[in-house]
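Letters are used for the chains, namely A, B, C and D, taken in the order the chains are written, and counting of residues starts over at 1 for each.
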Amino acid sequence: MDVLNLLFVNLREAITTWLAGFLPMWAAEAVVHFGVGLILVVIGLLAVMVLTLGERKVIGRAQDRYGPNRWGPWGILTPVADAIKMLTKEDIVPEGADYWVHLLAPMCAIIAAVLIYAVLPFGEGMWGTDLNIGILYIVAIASLGTIAILMAGWSSNNKYSLLGAFRVVAQLISYEIPMLLSIVAVVLLTGSMSMVEIVRQQSVPHLITMPMVFFVYLLAASAELYRTPFDMIEADSELVAGFFTEYSGMKFVMFFMSEYFNLFAMSAIITTLFLAGWRGPILPGYVWFFFKCGVVIFFYWWVRSMMPRIRIDHLLNLAWKFLVPLALVNLMVVGLVDKLIADGIVQDVVLLAANIVVAIVVIGLLAFASRKTRSKRLQRITARR
Amino acid sequence: MFGLGIVKGLWTTGKHFVQSYLGHTGLREGIRPDPTLGGLFTVQYPEEKLPMFPRFRGALMHLRDAETGEPKCTACGLCVRACPNDVIAVDGEGKGRDRKVTAYHYNLARCLFCRLCVEACTFSAIEMSHEYELASYSPDLVWGLEKLLAIGDKYGVHEAGKAWE
Amino acid sequence: MTNEEILSKLRERFPEVVVDVPELIDFTVAIKPEAVVDVARFLHDECGLDYLALLTAVDQTERFEVVYHLWSIKDRTTEPFVLKAYIEDKENPTVPSVTPLWRGASYQEREAYDLMGIRFEGHPNPKRILLWEGFPGHPLRKDFENRTYTFEELKPTRPTGPEW
Amino acid sequence: MLRTETITLNLGPQHPSTHGVFRLRLQLNGETVVGIEPVMGYLHRGIEKLCEQGTYVQVIPLTDRLDYVCSMTNNQAYAVAVEKLLGLEVPERAEYIRVIMAELTRIINHMMAVGFLWNELGAYFTPAMYCFRAREHILDLFEMTCGSRMMCNYMRPGGVSGDLPEGFLPAAKKFNDYFKGVIDQLETFLNENEVFLARAVDVGVLPADVAINASITGPMLRASGVAYDIRKVDHYSVYDRFDFDVPTCSNGDVYDRYLQHIKEMWQSVRIIEQALDGIPEGEVMNDQAAKALRRPPQGEAYGRIESPKGELSFYVVSDGSANPYRVRIRPPSQINLSALKEMCEGHKIQDIVIILGSINLTMADLDR
């Protein structure tokens, strides 16, 4: 079992040793690290291909359609066709655009997306680097994407782009706070910011012990990824295509790819933080990791197949009036439990109980706050025929 | 409330997702997809083609007399007058019952497929065919008598309006 | 209130206004164009005809007719009360606007102006609606020249009027 | 209070959610709309002028192209107007066929309205696809009957152009039973979605008095609480023989307009059920029609029906010749826009889009 589990780690060791035979050690290390970086980018690109196809397939099936199925068996070559089409398109820079900013924005976006992959632990020993501030690094890098979008919106000289960019700044900054607070809860419990350490500490997945924290993180993450119902940025029915209205060809592809890079990275982070990363019985670690990522991504697709878009002011209200307080309460509960009860199964049970209490209190408060409007609405729904 | 509506929505799309792998309303011999069956209902167009109903209104065709094999059109011009969109131009020679069509121009690019010309024809000489793949690379979409007769021969029809009784 | 009663009340109230009661399928009353707003307000407020279904103009070679089809949603009338304004001035046809009374008339008046060339005085936004500013003539008039126009003749001009 | 400058945004003419070429000039304060002006005419084809140049029958294919979603009701409205002008009687069977077709058309239109409202809400085509699936089967029924899916050209002054084909009645009955399940599913799917409720309730409120004043008709008027349905008021065709209600909502917001469409589909299903059971045998075309159309009397007639979008009426003026002297179409899509300003101002851009979606426009009808 261990052979399969550590297959890639051993392979890396073997290559380093072989290279060290005719290169100085530092050079061998450098070559191997470079190779690992390349593999990480390739994983990202493969993820883009699989996700674009999978999303269209899943949503197509949910809509009683086949989804793409013309190019290759079951349409598996569709992403290739997409790529060729996109790359051969004309690159248009609108009149009055800020040329350099317009050019740099998609590059920033994709660089920010790729950099996250450096610290993702795909399996036992399978990571680019094990930074001891891994999760902080991710949060810091992910914010770069916001700047790229703002650059794109500003430089396009288009009102739709500008409005899209306004929304992004408001949305991403708002949702970073509940997201960070949820991460802090996890870090508090683990006592480490290293992604690897977080996984190693999770004998019971945090999803089970802290469902409320997971819930807040899931909502905030889908807002950070601008997935439905928070896909305010593109908002195709009102803002045409949001900040990348004026982008075409290669530049558009970069934005598009960065979105799917981020989707995969975010599902990997969720897997790491809440689903115990690569840990799982029988199968090798990396299989478990990708399986868990797949489940998270499928959930996002499923939601996308039925969810209308939330309005921008409701969106901000949700972040500031609901998620941030809830995340703070979660943080407090986690901190208290962590301080009062020693690590172990008792702590897990108490944590779960505390989370359930929080959930019940939240639902009760919501019911109390919306009792008037709710009865009115229910009346209208039930009196429908 | 509290996400129950969202759960119901997820349930609906999830059900459709699963059903799409189980059932298929697809084409069976000669009938359109059955509405009452669940599952996918896409028609894979170039490979699968829907059967046409007898009344389908496609491009115009000219009919031949069953016995003599001559075109039944007498170039009377009723179809020209009935057409709302100047699609048809016709020319003929002879007088009275012996009048025969010599030229018939059917401008496909202008045709509305409204079937008013067929309704106007008292000789049951023209009918709408089931031709619907009419896109063409050549800009010349004015069809002559030979082509219209060839379509009529293809369908082997000699009387117009059979399906409309 | 039946249409005949409305007519008698109208005659009583505005003795000079009714010029003709033509024999048509629908009950029709023709009035002078100057009095349209007063009559319309009277019909709206006192006769309960609260729903202006259709406003249009007809070019009857010797005159223009502006036609108002009025119904009552309140009373659920089954027959329309057709009000016509006969505009004898073919050169410069003008009629007061009823948009302040029925805001549903707004687009229909703009359309009548656009396609028939009848000016509605007092309309808050008297622009063309379907065709563009600078279109030569008014196409639904019977004397509109049906020919191919050159590109230059159809060139749009900048629209005028209030911004919003 | 900070004073900020407004920006002008052109929503359209090419925009994914304006259902065609339609432009809204919005004046925005941030995301809030402070001014709105619809600009139309991009799809103007001069149908009223074209009507003057054809015979009475040649107008019918043009009416198909008014509101391509519900061509059957367009045919019917024109036929009603011309029949009134000529004083033609319509055979009973033809009236039943017209009722069935009109109600099927209403279902198509309401399905499209609901589906695309959800599209505008951002639901990525799923409800629209489910609606299209049901619509597809109705279009099959139309194709079976008249040979064309959308440009039906089926109803004529004095009747319909052909009797129902063999197999129509069982197919329609089967569809009707199936369709009840479809609406049920749509209701479970959409009615209670929290995000939808949050976005649609109390958005774009249209009070009843404003609606009447702005000549708004159809589902929009009834969603505002006025139970005005021309099928009930005029008793045209054979609608007085069927047992159906005029559903209303109270608030007149986007959610009510959505619900109104759903409720009306239930009523349409009821009517179709009764019409399919009660359809008599007999002729479908008045023999006198062709002769009367060649030499119509001088005069004018105003025929109106309850089309799915509202009151659709034709005002036909005849000078005694074989061509209509003037045809004026009352387009419900255009006139239902009259109160746009009242409904939209003060809302966000995202609301404008769904308000427009709930009005349910067809640009071909709006511009003619």
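Operating definition for what follows: a contact is a pair of C-beta atoms (placed from the backbone, for glycine too) under 8 Å apart; a residue touches a chain by one contact, two chains touch by 3 or more.
Worth saying up front: this structure is predicted, and the values here are computed from it rather than measured.
Common neighbours of subunit A and subunit B (chains touching each): D. Path length between subunit C and subunit D in the chain contact graph, taken as the least number of steps between touching chains: 1.
Among the remaining chains, C is positioned farthest from subunit A, on the basis of C-alpha centroids. Chain centres here are Cα means. That of subunit B falls 26 Å from that of subunit D. Centre-to-centre separation of subunit A and subunit C, using mean CA positions: 61 Å. If you average the Cα atoms of subunit A and of subunit D, the two centres end up 44 Å apart.
Subunit D has residues 126, 130, 133, 189, 191-193, 195-197 in contact with two or more other chains.
Counting partners per residue, subunit B has 1-2, 6, 9, 12-13, 16, 41 as the residues that reach two or more other chains. Under the contact rule defined at the top, the touching pairs of chains are A-B, A-D, B-D, C-D.
Remark: subunit A residues 58, 61-66, 302-303, 305-307, 363, 366-367, 370, 374, 377-378 touch subunit B in the complex.
Of all residues in subunit D, only 54, 57-62, 64, 126, 130, 133-134, 136-137, 140, 143-148, 151, 153, 161-163, 165, 174-175, 177-178, 185, 188-197 touch subunit B in the complex they form. Within the complex, the subunit B residues that touch subunit D are 1-6, 8-9, 11-13, 16, 32, 35-36, 41, 53-57, 82-85, 112-116, 119, 128, 163-165. Residues 1-2, 6, 9-10, 12-14, 16-17, 19-21, 39-42, 44 of subunit B are the ones that touch subunit A when the two sit in their complex. Put simply, subunit A touches subunit D in their complex at residues 59, 62-65, 159-160, 163, 166, 228-229, 231, 235-240, 304-314, 373, 377, 380-381, 384-385.
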